[in-house]
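What follows is a group of structures, each given as structure tokens.
Here come two complexes built around subunit A, the first alongside subunit B, the second alongside subunit C.
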Partner chain A sequence: MPKDGIGASTKRREDIRFLTGTGRYTDDINLAKQLHVHFLRADVAHATINGIDTSAADSMPGVARIFTAKDFDGVGGLPCGWQVTDKHGQPMQEPKHPILAEGKIRHVGEIVAAVVADTVEQARDAAEAIELDLTELPAVIDMKKAVADASVKVHDDLTSNLCYDWGFVEENKAAVEDAFAKAAHVTTLELKNNRLVANPMEPRVAVGDFTAHDGMSTLYTTSQNPHVIRLLMGAFVLGIPEHKLRVVAPDVGGGFGTKIFHYAEEAFCTFAAKQLKRPVKWTSTRSEAFMSDAHGRDHVTKIELALDADNNFTAIRTETYANMGAYLSTFAPSVPTWLHGTLMAGNYRTPVIYVNVKAVFTNTVPVDAYRGAGRPEATYQLERLIDQAARELKVSPVDLRRQNFIKPDQFPYATPVAVEYDTGNYDATLDKALDLADAAGFEARAADSKSRGKLRGFGVANYIEACGIAPSNLVGQLGARAGLYESATVRVNATGGIVVMTGSHSHGQGHETTFPQVIADMIGIGADQVEIVHGDTANTPMGMGTYGSRSLAVGGSAMVRAAEKVINKAKKIAAHIMEASDSDIELKDGQFTVAGTDKSLAWGDVTLAAYVPHNYPLEDLEPGLEETAFYDPSNFTYPAGTYICEVEVDPDTGKIDVLNFTAADDFGNVVNPMIVEGQVHGGVGQGIGQAMLENCAYDEDGQLLSASYMDYAMPRAADLPMITVDHSCQTPCTHNPLGVKGCGEAGAIGSPPALVNAVLDALNRNGHDIAHIDMPLTPSRVWQAMNK
Partner chain B sequence: MYNFEFVKPSTLDEALAALADEDAQPLSGGQTLIPTMKQRLNQPSKLVSLLGIADLVGISDSGGTLSIKGATNHATVARETASSFPGLSGLVAKIGDPAVRNRGTIGGSIANNDPSACYPAAAMACQATIVTNAREIAADDFFQGMFATALDEGEIVTEVRFPIPVASNYQKFEQPASRFPLTGVFVAKYGDRVGVGVTGASNDGVFRWKEAEEALAANFSADAISNLTVPADDMISDLHGSAEYRAHLVKVMTGRAVAAC
Partner chain C sequence: MKISMTVNGKTMSGEAEGRTLLSTFLREELGLTGTHIGCDTSQCGACTVHVDGKQVKSCTMFAAEADGAEVATIEGQANADGTLNKVQQAFQDHHGLQCGFCTPGMVMAAVSLLETNAKPSEAEIREHLQGNICRCTGYHNIVKAIMAASGQEVPAVAAE
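On to the complex of A and B.
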């Protein structure tokens, strides 16, 4: 077993280039004769466009061409990759999503015109000379009002502002009503899941290129999934076949979901480069990112829990308004439905559940998947609700959870919301977290806080998520317009080194370190003998990219399958050379041996023979050693865990001090513990950010109030406690070859309810009677709740 | 950013002459001006840097008065007043981050009079004198509401003179995003009076909480203000806190500053 195989906390090899400034990001790409585009963006939320006068701007210095919507006649709109069917069996309302605003402006930040010039400054100067003739319209901002009153519509060609009204599981509705009618106790909570801006460190960038000699279009872009962009943009927007379109996503500085989607700027740069026969580049400013990157979350929910006289959960019912923004971003409709409703059972044995989701168009930036995507919203509601139920019933929130857990001997467990958990042990992570968080010592610590005039609270939350997305045939039935397999090519070079070309994409996850660990483990060579290639459609097999904590579970599994094919072939070559039977060949520590003999051949000897096939079974085997596999999972994976947060509240100011945070996760098998812990740290940081700092807010006119870091609060190191991370409770996934579940989103899913529960515990145990405070729990909001 | 001319004179007279041009603006540390120019919200024809004028940099301490020249940066003030005026040093040491403190200057901060700037709270509490190329202005007269001061066109803050208090302290409750004060209170105790300067809270910009000053002059303890209330009427209400919350914070921060003096 190599020292840097599975289970080793190998340092991330990619960090050397990231930390020494030698990474190659999209903005580092500058092509000969490159032009720059500045997008003139709407500064009003809703308006009719009567005219766009570019006559003064057209002749400004450096201007190559100014584009408006009329230049895109015959070009498709940005496609939506998921069609949700409503509770009446009808498809969702799906408005056109034009590249540049067509006839109407529907959100602040929407592109109205695009100025292409020799320099960015020239393009910006010219954009200021464009005259817009607009008729402002009232903005549709509040979701409930948007549904109740259709007198102002975001899309005039739709019947209302409702994208869909989804019921899940519609057949369970009567049983749920019945359970509520018979309940001994019902707990109801109304809450908001605050809208967030992802804010990856690297803003989006796109460089479009067209080479006349071969008729190829190339897009360099900050994407989590270059193949998906190639397919969507090529087939649905620009009409370029895949063999004439290359999409490259080089080093990408963080995505968090917001770089999954196909954006107008990508299509624009590719289109304009072909029109102008010169490369066209766009680099987002941070201000543009706030009003053009897809936002996350933004749910308004009423959730109810029915319990019997013994405090067993008997039913859950929810009604959620989910903000779509002004247009449907690529995967937006799936987030509040299939990534949300299916997780509403959580870790518990609730027999019947009904989830209603109304997806609403508003004059705001489109909303789509953000780290966790639907699962944080489900977990937050449920874990807040259980805490409130425990408070009303005067029982321990820990005991109430434990009593209703799905027990270890009940797996596989089919929930009433259409998924089957393959494996888990929720008692184990709960026990582990309580132990690590020193739950037993809490009362003494609370007394100490009280003596200092502070209010101490202890918050517990469990989470489950569906990762490793996803079985293609299943998601196809659910409305996905894409498959969700993953791919890998394992290319063994003549001297034994290996290149893995994966359809997954790393934008901070560390694939270049962890994937080689797996190969090293399988073959018994050093991980440094393995190189990972990703991010370029020209040299990787068609893959679906990285999101939904899927890379290792799906992409890693594809790589394992391809490596197995390689090893099987190598064994045949070794058997030929050593004159033994295939079935007697063993591969260990990079050596092929013949069972029961002292014959052996090194890995490199066999790989050389594959490419210099002098002594080779050419009649049975092709030369070379390169295999490709596509892996389509048979189920989701279900990471789960328990998070505990301990806080102190300053009663004079409402300020929260997060003292301790404990995460006990079951990720199944773990390839690189250090990277897993880093993922949890980052996720918890983002979750704490959502819970007490981040708030993307619009005013009633649709102006973005939190349009810069002066008003949008990002978590900083000083806001975070030391985080205790444990992943020793492992119930390996039963259906993928690595037994892995995925760890990328867990931290962001489990931490917001843990923190909010802790704050409410602190307040309620110190004499306040407060059922709920909406996130972010800013000092002002906490103080206001305490001083109503 | 639009194009502009840039000059860096070595004397105040040259700077004033350069500023006579229409749309010329003085540039000190640039911590507000440069970001607004990058956003194209400001379009000076010419920037006149004050940082080359040796007479505008430095700190002196005589007869109980601390004089800080207008172009002295925050890091220098924080370092050099640590023993002579620790309350002010503490305030300055927490403005922005190290990059801001090594560029931003007292003159720029005072002249800009951002309603959430820290320096004006100390200037008001201490009843500092703002010295310009033309005159001397009492702090009470200098600060005239959000981003508004007594400065005339082309007038430059050359020096700020603080009577050094017996004890002082600044309490900043940070706005979560910008980390500017959501409410900041500077308390300065003198032999014959107490000053309480409040920043970040009011629609009228920095102000003195005079009821607290009187109560604290009679009894310098947090208890002395326990029965006072701050009216919320003129307080800022925004995404980060209601008017009531800010009014409440004025009292809490004042009490903490007194306790820390």
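On to the complex of A and C.
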């Protein structure tokens, strides 16, 4: 086996360019004769546009053209990729999402006009000279008010501000009601999952180009999924066939979900470049990012748990208001429904569950998937609720969880919320985490804290998520307007080196290092013989991109399938040359051998024969060695684990210190442990950020109060602890060839409830009777809860 | 106006308006795109460089203010033979970067720290990085990398 195959912590090859300043991010791309666009964005949340006077701006220095909505007659709106059906069987309400505001402004940051000029400074200067005639309207910000009072509607052409009212599983509703009626104990919590901004460190950028000689449009963009952008923008917005449209996502500086979606700025730059016959570039400022990148989370939930007299869970019932913002972003409707309701069973044997979700339009930036997307919201509700139930029942929260776990011998396990977990061992990760976090020593540490006037708490949370997104026929039934397979082409060159062209996209995940590890393992050559190509629709097969912890589970599986085809063909070539039967050929350590003989051929001899087919079975086999596979998973994967957080609260200030954080994850098989651990570190960092720092806040008029790093509290180095990570509890996925489950989102899913549970443990064990504090647990919120 | 400065040991010059920030000048005029711009409020630190030996966020000064200065950027950090310097190498060895966008600023900040504090503690490293935001790593492996670059025992930082 090669030293850099599966299981090796191979150092990342992409690091060299990033560490030497030679990465090529979208903003590093500058094309000849390039123009720059500055978007004039709405500074009010809701208004009628009576007029846009660009007459003064039109003649400002350097201005090429100023665009408003009227220039987009005949151009489609930004499409939504998922149609949810409501509890009455009706499709969701789906408003048009224009490129530039049409007649009305519906959120702060919406594009009202676009100034294209020779320099970005000239474009900005000219934008200041545009006169807007607006009639400001009352804004709808609070979701419950938006539903209860239809006097102010975000979209006049819709019947209400309700996008959909979803019930899941509607047929279980009566059984759930019955279980609650018979319950020995019911625990109820009302909680908010705070609105977040994903904040990849690279702001979004788009460069549109049009080349007259071949009639091709090209978009360079900061995307997690260039093929998806090509399809959505080409087919639904601009009407450009895919063979005339190329989308390139080069080095991308983090995504976390918010770079999945198709944005107005991408369509604008592509459109304007064709109109003006010159490249058009837009680079987002961070302030623009806060008011134009799709936000995440923003759920308001009431959740109830029914238990019998023996503390067995008998039913769960939830009612959630989920913010859609002013328009439906690309995958927004799926997040609070199919990525949330289907995970409400968690790691537990609750027999019946009913989830109700009301998706609501408000005068805010659209909300869509952010790291975890629906699954953090489900996990947070459930794991907070179980802690509260344990407190009410005066039992250990660990024991209550363990008692209700799905047990290792119960897999595959069909939940009452329509998914089947293939494998898992929740006792194992719980035991591992308790051991690593030294649960046994906690009381002594708590006593020590107390002696120093501090309140120490220990919080446990389990999580499960559905990754490896997703079986296309299933998601099609659920309303997806896309397939969710992945693709790979494995091209073997004559001299034996390999290029893998993948539909997955790496924006920090390290595919350029890990994917070759898999190929190296399969063939027995060095990983340095394998190159990964991704991010350009011109030289990769149609793929669905990277999100939902899917790259290795789906994209890696496609690569394995393509490599298997290559190996099978290579074996036939080897059999011909060595005059043996195909079935007797073995490939190991880069050598083909004939079983039971001493005949052998090197990998490179066979690959050369494929392209120089002199001694070759030409009557049976085409020359060449290149195969493509599209892999469509048969199920989701179900990573799961236990997270433990230990905190100290300063009772005088409410300030939280995160002292220890432990993550015990079951990701199935692991290709590169170093990278997997890094993914967990980062996810936990974001989860701790959500739990105690980050909050995207609007005032009642719809002004965005947290639109810079001065106001939105990103986790800094001193806010976070070292993180103990373990992935030794492995129950490999049963239905993909690598046995992998995905590790990208777990950290962000499991950590918020662990932290909040720890803080509430600290407060309650020190005499405060506090059921819940909403995130972020700022010193002010904690102190006020302690002193009300 | 014409601005000249010594960047990574070479004299370079270009045109700048009075309002042009050093970060923009380095990227757009000198083509040194390793210096990144991640915010517009001088919070994120992706644009960190050294000016006359001091760690500076290059978005906090005008290009004109750096006229005649000695500027060091990420492009000049590797050893003369092209190999990674000890901080860069430690970042690779300890997976101290993922998407790479904050990385130039992190490396420049770390180099600066180790020039003034050869053996920083974990707390001192975290304190020094307060002006540099990373969204990918949770800082865990960045702290480890800087510990390692300073020749300190890394496993002592935390259990893994």
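One rule holds for everything that comes next: the second predicted complex is superposed on the first by the 788 of 788 C-alpha atoms of A that agree within 3 Å, B and C clash if a C-alpha of one lies under 4 Å from a C-alpha of the other, contacts with A are read in each partner's own complex, and residues count from 1 in each chain.
Just so we're on the same page, contacts are C-beta pairs under 8 Å (C-beta built on N, C-alpha and C of every residue); 3 or more make two chains touch, one makes a residue touch a chain.
No experiment lies behind these values; they were computed from the predicted model shown.
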*A:510 contacts which: subunit B (first), subunit C (second), both, neither?*
second
*Touching A:174 in the superposition: subunit B (first), subunit C (second), both, neither?*
neither
*In the three-chain superposition, say which chain, subunit B or subunit C, touches more residues of subunit A.*
C
*After superposition on the shared chain, which partner residues are touched by A:287: those of subunit B (first), subunit C (second), both, or neither?*
both
*asked:* Quick check on the superposed pair: does A:709 touch subunit B, subunit C, both, or neither? Answer first, second, both or neither.
replied: both
*Looking at the overlay, what does A:447 touch: subunit B (first), subunit C (second), both, or neither?*
neither
*Report for A:652: first if it touches subunit B alone, second if subunit C alone, otherwise both or neither.*
first
*What is the contact status of A:203 with respect to subunit B (first) and subunit C (second): first, second, both, or neither?*
second
*Have a look at where A:674 lands relative to subunit B and subunit C in the superposition and call it first, second, both or neither.*
second
*Considering each complex separately, which residues of subunit A are in contact with subunit B in the first and with subunit C in the second?*
121, 287, 709-710, 714
*Contact residues on subunit A for subunit C in the complex?*
11-12, 14-23, 25, 27-28, 30, 121, 199-203, 251-254, 256, 285-287, 436, 507-510, 674-675, 677-678, 681-686, 688, 708-710, 714-718, 720-725, 747
*State the interface residues of subunit A toward subunit B in the complex, per the touch definition above.*
121, 124, 128, 287, 652-655, 692-693, 695, 697, 705-706, 709-714, 778-780, 783-784, 787
_subunit A partner contacts - residues on subunit B that touch it in the complex_ = 1, 39-40, 173, 176-178, 182, 239-242, 244-245, 248-249, 252
*Of all residues in subunit C, those that touch subunit A in their complex*: 17, 19, 27-28, 32-41, 43-44, 46, 73-75, 77-78, 84, 88, 91-93, 95, 97-104, 107, 122-123, 125-127, 129-130, 132-143, 157-160
